[in-house]
Amino acid sequence: MISAKNDPTHNVIELRLPSQAEWVGVARLAIAGIASRLDFGIEDIEDLKLAVAEAYTNCIQHAASDGEVRIECAIHPDKLVIAVHDQGKGFNGAEIAPRKLGEPQERGLGVFLIRTLMDDVSYEVDPRRGTRLTMIKHVRPQQPAQ
Amino acid sequence: MDINVDVKEIPGKNGVRVVDLNGEIDVYTSPRVKETIGELIDQGHYDLIINLENVRYIDSTGLGVLIGGLKRVREHSGTVSLVCTNPQIKKIFDITGLVKIFGIYDSEASASAAL
Amino acid sequence: MISAKNDPTHNVIELRLPSQAEWVGVARLAIAGIASRLDFGIEDIEDLKLAVAEAYTNCIQHAASDGEVRIECAIHPDKLVIAVHDQGKGFNGAEIAPRKLGEPQERGLGVFLIRTLMDDVSYEVDPRRGTRLTMIKHVRPQQPAQ
Amino acid sequence: MDINVDVKEIPGKNGVRVVDLNGEIDVYTSPRVKETIGELIDQGHYDLIINLENVRYIDSTGLGVLIGGLKRVREHSGTVSLVCTNPQIKKIFDITGLVKIFGIYDSEASASAAL
């Protein structure tokens, strides 16, 4: 596990939140604050808010309707590495059907958005201890507003 | 972090309803949007304009509510038109391919004119 | 320690942040989000932001310039109980000189503000394990804007 | 979460400097404010107007910077006037008793007129 104690070259901010819908907005605010301290542009900050909220939402909807969700942000000068853990039953990946673009499918949007908005995404699933989603976004030179 | 939901009629467009949303649509607030859209469809309103101009944020549960509404009105040959000007929200409809299944307009007037 | 597991009647949100000035704004954003989910009015939300920021700032300035600060928010329907812990050397209370109102004193404003803005404030100091400041703010019927 | 610091002159008020602050003043940003005020005093400007109209947040480190500046200009019979309209910020000056040691004004014009 990434920890400030093991690796003094970067900072870690951790949030522990109830696995409940009403607190997702708090995670978004915190992520926006963290991202704005790095050199992320406005669009990247919105991407980060959405990706983290989607990950947290999946913990609430699919992992456990109580318990705790942990969001760990490892802050590097050039990237943000965010891990979202839950204490749920996990899943095997087969549940993630590929999205057919242009069809009105209600499901499968969350993981699709996370994969699209973040640079690197990986799941570690342990049926006894829950799911850990790690996602990375690199700081890019800011694009001028469109 | 909250949502305000208002429903309006459009003069001269019988049966059409505008759902005016203001705030953020996420896993916490989308049930309220879903309820309003569901009630309108239950009442027989199959042409809906969802005004997202004052929506600063939408996540997949919000998109799911819009898609679910679209599916239901389509059974009655209805439509769901979205009014959306925020570039970040437009981007979400773009990358999910939902631009292809919703009519997306720059203003309530143009959404209403297209009906 | 207050924990959601011991007491299922309330939620706990915990933030773990580096003991560094640049992250105080993230704590303010998170507290504002938490407080706005309860029924706190705008003025009380500003009070909470300031009190938590002052507590965090004291950890940074007086406890340890690295290490971790933990902000634990126990969310009750009628009150927010916030504990701010550091891993610093602690202090004995004599450092907190009473403020003389109307004199240009630069020091001692932080603890004074915390005590003024919060309903209940207490320190537990352990020179080996650091300082824990617990503060409570009750949810009041909202006053009309002035 | 950040601060913008600008310095202006006032036509006809020789030597007076306005420090225009925009954003949030906290333990992270107040060193920048302190530096600007310190430089102005070093240059011999002992009558300062600090415009807090666009400051949304100030904490004790920000107050400490203002008090420190006041102490230094007082050695030269100078003044620090604050322009402050935000009720939350005003409240902080009230409860700390700092209203009694700073001149606090509703606009830059009235702060400047009082000099």
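Each chain carries a letter (A, B, C and D) given by its place in the written order, and its residues are counted from 1.
One rule holds in what follows: a contact is a pair of C-beta atoms (placed from the backbone, for glycine too) under 8 Å apart; a residue touches a chain by one contact, two chains touch by 3 or more.
Here the structure is a predicted model, which means the values were calculated and not measured.
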So the centre of each chain is just the mean of its C-alpha atoms; given that, what is the distance between chain A and chain C in Å?
27
Note: chain D sits from chain B at a C-alpha centroid distance in Å of 48
For chain B, which residues are shared contacts with two or more other chains?
1
Which positions in chain C are in touch with at least two other chains?
22, 25-26, 28-29, 33, 37
Topology of the chain contact graph, where touching chains are joined (line, ring, star, complete, other)
other
Each pair of chains that touches, named by its two labels
A-B, A-C, A-D, B-C, C-D
Once bound in the complex, which stretches of chain A touch chain B?
21-22, 24-26, 28-29, 43, 46, 49-50, 53-54, 57, 60-61, 99, 101-107, 109-110, 112-113, 116-117, 146
Touching chain B in the complex: which residues of chain C?
33, 36-37
Taking the touch rule as given, give the residues of chain A at its contact with chain C in the complex, in rising order.
4, 11-18, 20, 22-23, 25-26, 28-30, 32-34, 37, 68
Taking the complex as given, what residues does chain D use to touch chain C?
1, 24, 26-28, 57, 59-61, 63-64, 67-68, 70-71, 87-88, 91-92, 95-97, 100-101
Help me check something: in the complex, which residues belonging to chain B touch chain C?
1
